[in-house]
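Structures given as structure tokens follow.
The two complexes that follow have subunit A in common; it is paired with subunit B in the first and with subunit C in the second.
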Partner chain A sequence: MADVELKTAPADFRFPTTNQTRHCFTRYVEFHKCVNAKGEESDDCMKFAKYYRSLCPGEWVEKWNEQRENGTFPGPL
Partner chain B sequence: MNTKNTTLSRTQFQFQPFHLVTPSPWPLLTSFALLILTSAAVMYFNGYANPLGGSGALLVGIGLATTVAAMALWFRDVVAEGTFLGDHTILVQKGITMGVALFIISEVFFFISVFWAFFHSSLSPTVELGAQWPPVGIATINPFELPLLNTILLLSSGATVTYAHHSVIEGNRRGAILGTLMTLVFAILFTICQGIEYVNAGFTIADGVFGSTFFFSTGFHGIHVIIGTAFIAVAFFRMLSYHLTDHHHLGFEASILYWHFVDVVWLFLFITVYWWGS
Partner chain C sequence: MMIHEFFDRFLTIAFCDAAEPWQLGFQDAATPIMQGIIDLHHDILFFLILILVFVLWMLVRALWHFNENTNPIPQRIVHGTTIEIIWTIFPSIILMFIAIPSFALLYSMDEVVVDPAVTIKAIGHQWYWTYEYSDYNRSDEQSLTFDSYMIPEDDLELGQLRLLEVDNRVVVPAQTHLRMIITSADVLHSWAVPSLGVKCDAVPGRLNQTSILIQREGVYYGQCSEICGTNHAFMPIVVEAVNFKDYGTWVSNQLCQQSN
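What follows is the complex of A and B.
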């Protein structure tokens, strides 16, 4: 079997509890802040992209993407 | 007549210091009125059709009016028993004071639950709010404008009511009347200022959990201010009618205790909801 590197977002001491909702939200916001600051395809931002895609349920990401397009996203972008 | 040891004479004395109340219809009337008020309110909130038609608000109004009337008639009897019939011995007065204190403590627990709700939502705001408090999009009220004035009004009313109380104890009728009148003026000014705040606020009770907790906490506090104002107003009119003595003025003291409780709740509200929460 080929060696596949499996990893997920690192444990963040700011979010010690089982409920990682806030962790997912923070990483999603971080990624979009990075993109707004550095541009769409910047490599630095891909780290945050991997984190939030590991942590967040697909439905939430879709819902937040829609909210961003409508201008109703509640996060500090 | 009272000196002879006859059955008739002995009925003129009671050999224990407590007040055994004569039968009264007011407790039962109050409980029926409260039943109408509470069930009408539940029906109105849930949009049930009601026998009087319309939104059901009329039945709530009827329930409220009968409750207030029943309470007024009951308290009127207590005043008659204490001031005119002499039933309120020192021990009865102590019992009444304990009763008032326990009632206020129960109200404190009610406000504890209200503050609990506020802190539950505000200490760890959900992602739907943007994980921040105040939530994204809420235009909060500057605590150092009208709310600060309200704080000063209530603190001043506490000072004027203390002056009035001391005047009553010293037998200073003019001071007592002026002090109580100033207290009522400050109380009514507070209510007017809160009304102005409510009308001009940039958010409503329907604006998420911020709106809910803000108007729930300040709204119930406002209701208690109005009740406290009425309580002091009744004591004021009794003072004008010469009901109070320098040693016996329980209704006045109870209204003062209730007013201090209202003041303290406002101080907590100001610091947590208005200042920290903005």
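What follows is the complex of A and C.
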């Protein structure tokens, strides 16, 4: 296997403390705002997608996806 | 040189990365934070022993001399400005000697790691941990996720540690900045591994972040550290730090298995 580079969501200085709940939520919202603005397949949006997938537990992402489908997602999309 | 060879040949030194029966001291450090904690402990213990010896001496001395036959006339001193100043200033100086390394460690532990290489999520359940390695996802569904249950006593093999072994360990690369995100799916838990100097509460609805840099390869054991019900004592944590290449191999094997 070639020299693989390990990459993950970088530290965000908007969220410097231990509690990263808002960081995960913000990345998820940023991704969907980006998708609404630029379309589903845009590469710029994939960056946000990687970030929220790294930070947010799978259960939370599933729950939010359902809420978006039902129109009950509480974030500013 | 000969003594060195003697030690190499006959006395293997193994690291203490798990609880030992009747253990008094810390487990061996595998991260800079834990080494800092141990060093701070040594600094404080020095002053602690000085103070302990002094206080015990005062106490024993007072008890020894309190005797009607040998010391019938007691002292009646009620003031002493000089000594009162001394026994205020001197403890403040000792506290300052303790505070300096303590704050140095505290603030260095809080330093933000700007570019962790790996993010691992540890989710506490009643009564097991789930680990998610989602850096390699290409969609919301795929994820390297697995549960980690304690191996019951009846299923242990010879040499395994009782109440500490798990079926699936958390495999991580050594010498790499890791970001751990700890949360819970039900009640409070706490993800603790003494050798790594990490203890982080798992709170439902909250993501707690802690950074780890494991300096040597090895297997590190810990236990849930927040009461969470009847099997709180039976949901341990095992972290296996491997070299970079082995980590890559492990990740690809896991991803292949999960996609099959």
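Going forward, the second predicted complex is superposed on the first by the 75 of 77 C-alpha atoms of A that agree within 3 Å, B and C clash if a C-alpha of one lies under 4 Å from a C-alpha of the other, contacts with A are read in each partner's own complex, and residues count from 1 in each chain.
In this section, a residue touches a chain if its C-beta (ideal position, glycine included) is under 8 Å from a C-beta of that chain, and two chains touch if they have at least 3 such contacts.
Every value quoted in this text rests on a predicted model; they were computed, and no experiment measured them.
Trainee: When the two structures are superposed on subunit A, do subunit B and subunit C clash or fit side by side?
Mentor: When both complexes are placed onto subunit A, subunit B and subunit C end up side by side without any clash.
Trainee: Between subunit B and subunit C, which one contacts more residues of subunit A in the superposed model?
Mentor: Partner touching more subunit A residues in the overlay: C.
Trainee: Please compute the subunit B to subunit A to subunit C angle from C-alpha centroids in the superposed arrangement, rounded to the nearest 10 degrees.
Mentor: In the superposed arrangement it comes to 80 degrees.
Trainee: Now for A:Asn65: first (subunit B), second (subunit C), both, or neither, which partner does it touch?
Mentor: second
Trainee: Could you look at A:Gly39 and tell me whether it touches subunit B, subunit C, both or neither (first, second, both, neither)?
Mentor: neither
Trainee: Would you sort A:Thr26 into first (subunit B), second (subunit C), both or neither based on which partner it touches?
Mentor: first
Trainee: Applying the document's definition of touch, where does A:Thr18 land relative to subunit B and subunit C: first, second, both, or neither?
Mentor: second
Trainee: Quick check for you: in the superposed arrangement, does A:Leu55 touch first (subunit B), second (subunit C), both or neither?
Mentor: Only subunit C is touched by A:Leu55; subunit B is not.
Trainee: Answer with first, second, both or neither: which of subunit B and subunit C does A:Pro10 touch in the superposed model?
Mentor: Only subunit C is touched by A:Pro10; subunit B is not.
Trainee: Once both structures are overlaid on their shared chain, how near does any Cα of subunit B get to a Cα of subunit C? Whole angstrom is fine.
Mentor: Distance of closest C-alpha approach: 9 Å.
Trainee: Which subunit A residues come up in both lists, the one for subunit B and the one for subunit C?
Mentor: Touching subunit B and subunit C on subunit A: residues 21.
Trainee: Going by the contact rule at the top, pick out the subunit C residues touching subunit A in the complex.
Mentor: Residue list for subunit C touching subunit A: 112-119, 121, 123, 132, 134-135, 137, 140, 143, 145, 173, 176, 179, 181, 183, 185, 205-210, 245, 248-249, 252.
Trainee: Sort out for me which residues of subunit A touch subunit B in the complex.
Mentor: Spelled out, the residues of subunit A in touch with subunit B are 21-22, 25-26, 74-76.
Trainee: Across the complex, what residues on subunit B touch subunit A?
Mentor: 126-132, 135-137
Trainee: Where on subunit A does subunit C make contact in their complex?
Mentor: 1, 4, 6-11, 13, 16, 18-21, 23-24, 50, 53-59, 61-62, 65
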